[in-house]
Structures are given as structure tokens and as C-alpha cells.
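Structures follow.
Each of the next two complexes has chain A plus one more chain, namely chain B in the first and chain C in the second.
Our next item is the complex of A and B:
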């Protein structure tokens, strides 16, 4: 609760942003400081993913976790990325102001959007810094696991095998433990600010990635709409893994969408890191990533000779990052990540009930307001007036995600057919779908807008 | 309108509300909590449930070291608890009234320990 704790958290998250931005510099190059600023959110998310993936592997092999070890990881990761960047001939960013990219009106709309989202984040900061630990899953197992890493320096066998959700991947407890070190104590009040930083970084990542590809009015109105829907509004700062896995997946999926358009290879490096992070944040992360990559394999069929080996490499990196944690818990006789028999023994009746539940949850205005309906309109506009290929890709991904949620309910016979979050994860699962819808809407609307999107540099 | 003017207006659109909001909140007397907020010393005659507190430390090992000293002078039921503000306190919670607590404080101080009475957290 102290200024020192908040300053420590800010320093930790600045360190994560530096790691990710240096990753981006090595992969893409950042010619101007405005590029650094615009992509700093993406850099931050990449830093979180890279840091989490590295420490998951280190904890699995028994490297002790501590404050100095966290600092050393941040310095080493930045150094490696910097060395790769130098080797690839990346230049140091120059120039604060880039060439004009739009009219004065679009500049003012962008400024207004930044101000409105900034005000929302400021208000959330005020509530986050004094929030108590109330969410059930948070105090029941996410935070106890983080405390185990903090106090015992690793994956304490007793805590990690006897707590609820023993197969849940460890990135969030790792981030929490790093936050405890940065704050100087197990301050479970101030540590809610760590989730504020994740949210702020995620919002900046989405805005920065879309900024040059969509009209500003479409970008900021969609972003604000998604941020204030009831379910997100009340759960954005909950110290669990749902928001982080959604952000990592959605920003990765957004990069995939843009890669299909422009084919820029640096996006694949980002996608690999983000999806690997998602797969080690929550079990759904692996499913989300598999679905997104599967749809992209299909969408890139016309240029499969060049595209598929690259996509296969991304998929291989994600799987390779995800395996050690799975080996760790299997070595400790823990099972249950996948449903029994992949749900093959369940009935048709249950399948229909699961689909109906997913549909009811998706179109529940008390959870997601009008986002699903606006998405349908945006898809229709894009199919009629805009980029049909883009609309087809997003439709396929959203439909598969939707079916994936229904499959989760269908395949675990123990899950009752209910939207009660204590009994069935379908509402949390649908969060990723709705966030992806919110991020896709500006692209879809932008492709149908007669002025069209601005060309990427 | 020149590009430079447009940039200045855009910067103002961003900066004014983002600075004005925290400024208004601060002017309204916003409180910034500190670890001291978890220390609620008892005044003489306090009737709320009380703890005899021997000190706070930043880490469990440091608190355990203090606990050892406290137990060594006879408070065998003393224990270490998180204080809710990120620190660890060594307490004895067998205090039944303020006069009994004040007597215990005097005994502890006589044995070379720091001690005081605090109102139990809710």
C-alpha cells in the first residue's frame, strides 16, 4: 500500500516493457521514437510473455526464484534481444515526430480516444491500489501458488500439487511472485496494481497494433465499448489469469490477421511469443492458440509453400514452450487437463445443451452489452462492402472459438449446464471471444469504410 | 491549421483531462495509505479486543527471530502473524482487558522487550 511498493511495481513493469521492446526492435526494427511509443504496449505484452515463458522453464528445472534472479533475467533477456538486433543491423530509433499520417480531424479523434481510455485507466488505478483479495480463485490458489514461489523460491511440491487447479500453468503466479519481490513484501492489496499494468499494457498493445490500419473513430469507439461492458468492467482487475490469457491470445490473433494481410515476418516472432505465453497462462490458452493457428493455416492455403513452414515453426515453438510444465505436473502424478475421452462418450442431448448455453452466454447483454450484435453488423458490412477475405478469416476464428467453448462444456461431464461461474467456465471462456470481437470490429468496419484504412508503413 | 498547431491541440486534448482528474481528486483530500495504517494502538481504558504486540518485521525470518526472544522471556503462546500491510508482527492474543494488558506491557518492558497494546484487527 506504500509509495515504495507502487514504485517497485512500476520498475518491474518498466523492466518487462524494456525486454519486450528490445525483442520487437530485434525482430522488426523501430526506426523512430514514435514507433517505440506506438508499439510500447505490444512490447510490454511481449516482455510479460517472454519473462513468463523463461521462468516457467527455469522453475521446472529447479532454478531458484528471487529478486536478484528476476533482475538478472530482465537484464539478460534485454541483452540477448539487443545483441540479436545489432547482429541484424537494426538502427537506433531516431526522430520524435514521424510523417503526417492523417487529417487534423483524425488526430483529434485519436487524442480524444487516448484521453477517454486514459481517464478510465486512471479511475481503475484508484480502485486497484486499494482492492482487497476477494476473488475466490485468487485467494484459493493463484495467490497461494505465488506465495509459494516467493517464499520457497520455486514450484513447491506441496502447494502446487494439493491446491485447486494443479494443472493450471504458472505464469500468473510467477508474475505475482515477481511483483511481491518488486514491492518488497507480500502486499496482496497493492499487487492488484500488477493487473492494472497488464490491462494498461494490453489496451496500449491493441491500440498501437491497430492504429495505422483502421480509422481512429472505429478504433477508439470499439475499444471503449469493449472496456466498459459489464463483465469486463467488473473483472478487469481480478487477480486471476483470465484477463492476461485473453490479452495475450487476442493480440496474437490480431497479429495473425495483420500477417495474413502484409506477410511481415516479424509478426510471426511476436505471435510465437504471445501464444507461448497464453499456453502457459491458462489451459484455454493452448486451445485458443491451436484454433487461431489452424484457421490461419487454412486462410494461407493460396501461399502455403511459403506460409505453412513458418506457421508450423510458430506452432512448434508454442508446443515446445508448453511441454515442460506439462511434464512437471505429470511427473507429480497430476492429470485432468484434458477432458476424459475428449468428450466422445457424452450424448447428443448434452451437445445441444452445451451449444445453447454458449449461445445464451454470448448474446447475454447483461454480460457483454451490445458487442456481439455490433460484431454481427460489422461482419455483414465487411462481407458486403469491405474485405471479404478478412471477414471470412475472422468469422471462421470466432465460430471455432464459439464451438470450442461449447466443446468444453460438452466434454467435461461433471460441468453442469449453467452460466454460474462457480460451476462452469463458459462465461470466462467467452471473454476471449468477445474481446477478439471488439478488436476485430475496427478492422471489419475500416475495410468497409469508403475512406479505407491507412496503408501500413 | 498547420500540422504543428494540430499536434499542440491534440496534446492538450490528451493532457488536460488526464492531469485535471487526478488534480481534482487530490484537491478533494485523497489519502495515501501506508504500513502505519495497520497499527491501531489502544488508548487507556479501551474496551475492544486487544493484542499485546512486541514488534513488526519486514520478513518472516526476522519476525521469527523476535518471536524466539519473546518466548524466551516466558510468552510461550506468542506467535507471528501477517499484519495486513505487508509486515509480520509478533503478538500475544491472550489479553482479556486493558488493565491486564497494561500489566503485561510493563512486565515485557521489564524483561527488555518493546511492547504495546493494539486493537485487534477486524
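Our next item is the complex of A and C:
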């Protein structure tokens, strides 16, 4: 661990944030510097997704990965986004202060929330800085794949086809390999900070996206609650793909929710990038994205003529981004991403056991504290006093996600019915559902607090 | 109902936040207390019986070299994970060195050395661990 390694990591992540923020500038426009600051977390996640998606395609076609290539990608992606922004007539951000948006009490709540989240992130930073590589999946295949990209400059056939999880998509190994280049060596201790950056960026993205849409007390209380649930506390900095796929999916789903309310087209560009990133981060990412887009198709039925072609374009981009990696591993005789016969041969008894397991895991307070219970309260409040359309959309998405988790257990006959993480992925899978619950709650209680649903755009 | 929601959430935060903060601090302290070798080896400490094998292998096998792992019967000092996961860990730890069946370097875990006639002992430790080098 050296200061040079930390500085290198900081520079890499700043570069990713610049790429994503220029993407946002081109897609949305950022009139004030406060907009840049507020949406910098979203910009960072977009940068991670865009960088990962680009490099997945480049590695599949055999472009060698290296430090200069990483730098060139960051510069080129920023340049392309900048050129698109200029062509679309986006103005350079001006002014630091926007119109006043809240009372003194709101400002106090926001400042307190930022302080408490910041304090926790600072403690996690110190923890990550000197953390050794302990997690089995990390040293069994995630980091070997990253080392292979770093040392051999591509999808090395021996490592990528003989390690465990050969169908797992490569965005996390790509990010790790970029981190090794940025640090100047394969420093498997300091590289835990890369996962701290992902966490901090994800938290900033959620807060920035919700800031103007919900009361501060709802935003910061939900965010803090989700950050301190036991399961996340143990696994936030584990160098695996679970936290990143959850963040990319949940922030994308949040953008979909907001798009249903305000219909702003730039959100769809973000959703396409985030879901494409999720689909190339972990296999579940594709399932999560398909479920979220499916629910959105249904929710946008009243304005299907204008909404569906745009949603279909988003779905097309996600699928197009996901295909090359699938072609690569199939070309190397690797199968097993989808369950055999999609689970059609399993029994009703197993289906019921799978549902029961998913339910037990979701309502396990030793994993998720009270999040699922307060989610039910928030949904009830929104259905009774708030935005019923919003509550219906979020309920449908959460139910489908829940059923998706049960289907995973049901459809792989080799998975035992157990919450043991070494044997069944249901706990990791449920993390996305709980994070989505935490992000949805401010919108739900906020709509109930405002005493009535918002008018459709 | 919204007030009730907020109350439950705030109580949960009051209960959970100090624990999460303390856990992160304790984890930071525990990580700082590790020596540089324990930190570098990480999960391998519960798989490989002797760290010295790992660093000897890194010192002996060139970066473009190949190695193979030869596993014998479990011996005293090995963990429950050694037989099953030693090769997986070594593949990770020793990269960019690759594995190959006919590799010049043999990481011997209580293996039958007579299976490698002419191989010289490059390093030897306790618990039946050794590094053999095939003479070309």
C-alpha cells in the first residue's frame, strides 16, 4: 500500500466520473455547477458502466488491454460525449448556486445525513485501505481473471475458461485490471479501495438522483438504514461483482421510475448504459434489467405509442451490449449460464420450497434489519395516501424480482434449498431487492407525505 | 402512517448505526494489525500450511514460467482446505506464472517425489512442502 497507489486509483475513478459526467452533459445538459455536483455520483456510475461495456467489446474482439489503452479510452469516451454535447447545443455549466430549494430544517437534515453517511464511508475507507483478499470467490476467479487481463492483455483462454464461473461477465475483472494499471502494480490490498469508490459513487448517485424528488428526511433516513443493515456492512467492500451489479441495476430502476413520472428522454440514455453495465457485471444483471424493463412496458401502457419504441430501443441496446461476451464464451465451448430447460422439469414441491426460502431470506432481520417491514409500511402509505401508480409500479417490480430469486433456486436442480451462501446465491440475489426497497421508500413515503399522486407529465 | 414509518426507521438507525460504525473501525484496526505477509497472502493463510512456500515459489519460478501442483496424502499442519483448494489459490497467487502438466516447477504437497525422477529440490519446508525443479 502506497500513496502512489491510492493516488493512481483516485485518478482512475476521477477519469471514470469525467466520462460519465460528460455523458450526462451530452444527454441532459448540466446548466449549473451545482447540477454537476449533484449528479456526479450518477455520472461516476455511468462512467463505470460505459467504460466496462466498451472494454468488454474490445476484449472480445482482441484489442490488447494496457495502461495507455485505458487512458485513451477515457479520453476518447469523454471526447465523443463532449462532441455530442456541443452538437446538441449544450451550454457550459455556469453559476454555483441555484434557486433556494428548502427550509433551514431541510438543510439541517441534509447536512446531518451527509455527515452520518460520510462518517461511515470514512471508516469503511480506512478498513478497505489495508484489507487482505479473503473472500473465496475473489481469489478463486474474480481476481485471477483481473490478473490475466492485466498480465496478458486480454481474455486469456486458460484463466477464463478453466476458472470457476466461466460464464460470469467481465466488467469487474476489467475494472480491477484498470485499477492495477492505475496503482502501478498488482496490489491486491489497496485495490479494495476500488470497491470503496464504487460504493461511495453509488451512494452519491442515489442521493443525487432522489434529492429533488423527495423530502430530505425520507431520503437520508432510508439511505442510512440501508447502509447499516448487517448484510451490507459485511459485504460492501468484498471484491466481487454483487455490490456493483446491485448499484447499476437499482440506479437504473430508479431512473425508470422517475422517467415514468416525468418522461424526460435523457433518463433512457442513462438506463441503457446502466442496464448494459449490469448485464455485463453479473448474470443476474440481465435478469434484473429484463424484469425492470418488462414492468415498465406494462406501466407505460396508457402512452404506449410514444413510450414503447423508446423502451424497445433501450432493451435493444442492453441486449446488443450483452451478446458479444456470450458469443465469446460459447465459442470456447462454455455453457451453463441459463438453467437446464429453464427449470421446467422441476417439481411443484421444489417450487414451494424455493418460494419459502426466498421469503425466509427476505424477512430475515439478521440480514436486512427492518428494511422489508418498513418497505411494506411505505407501500401501504403510498397506496392509501400517495401516488398509487408509483406504488403499483414498485410493487410489481419488487414482486417480480422476488419471484425471480425463487425461480433461480427452483430452476437449478443442483442448488440445495438453503440460505448458506456457499451453496445457494439467494442471499446475494436478495441484496438487489433490499437495495431497491431502500431507494424506493423515499419516493413512496414522499408521495404520501405530499398528500396525493403527482399529475402525469 | 408516514410518521410511524419514520419512527421505525429512525429507531432502526439509532440501533444499527453505532454497530456498523464500530464494525468498520474494528475491521480497520484488525487490518492494520496484520503484518505485510499476512495481508499479501490473505485467504491463502487458511489454505496453504506455510507462507514461505508461496514466497519461495514467487522467487524461484520466473514470471513466464509454468508450474504444477502435486498433492499427496494430508499431513499434520495442513488445514481442511489444503487438499481441495491449494491449487486454486496457487493459480491466483502465482499469476502470471501459469499451470501446465509438464511444467518445469513442481509444488509438492507431500507428493511422491519418485514420480519426478531427476527433479532437484529447490526449496524444502515443514509439513511435507517442497518445490522441485525438473532438469531439462
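We adopt the following convention: the second predicted complex is superposed on the first by the 449 of 457 C-alpha atoms of A that agree within 3 Å, B and C clash if a C-alpha of one lies under 4 Å from a C-alpha of the other, contacts with A are read in each partner's own complex, and residues count from 1 in each chain.
Note that a residue touches a chain if its C-beta (ideal position, glycine included) is under 8 Å from a C-beta of that chain, and two chains touch if they have at least 3 such contacts.
Remember, predicted model here, so these are calculated numbers, not experimental data.
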item	value
Which of chain B and chain C A:378 touches, first, second, both or neither	second
Per-residue touch tally on chain A - higher for chain B or for chain C	C
Partner chain in contact with A:183 - chain B first, chain C second, else both or neither	first
Touched partner set for A:449, first chain B, second chain C, both or neither	second
Contacts of A:151 with chain B and chain C, given as first, second, both or neither	both
Touched partner set for A:3, first chain B, second chain C, both or neither	first
Partner chain(s) touched by A:119 [first = chain B, second = chain C, both, neither]	both
Which superposed partner A:308 touches (first chain B, second chain C, both, neither)	neither
Partner chain(s) touched by A:266 [first = chain B, second = chain C, both, neither]	neither
Which of chain B and chain C A:108 touches, first, second, both or neither	first
Common interface positions of chain A, toward chain B and toward chain C	119, 123, 126, 130, 151
Chain B partner contacts - residues on chain A that touch it in the complex	1-3, 5, 97, 100, 104, 107-108, 110-112, 114-115, 118-119, 122-123, 126, 130, 151, 183-187, 190
Touching residues (chain side chain C, partner chain A) in the complex	1-2, 4-6, 8-10, 12-13, 16-17, 19-21, 23-25, 27-28, 31-32, 34, 38-44, 85, 88-89, 91-93, 95-96, 98-99
Residue ranges of chain B in contact with chain A within the complex	1, 3, 6-7, 9-11, 13-14, 16-18, 21-22, 25, 32-35, 37, 58, 60, 82, 85-87
Contact footprint of chain C on chain A as seen in their complex	116, 119-120, 123-124, 126-127, 129-136, 138-140, 143-144, 147-148, 151-152, 158-159, 163-164, 188-189, 217-218, 221-222, 224-225, 227-230, 233, 369-370, 373-374, 377-378, 380-381, 384-385, 441, 445, 448-449
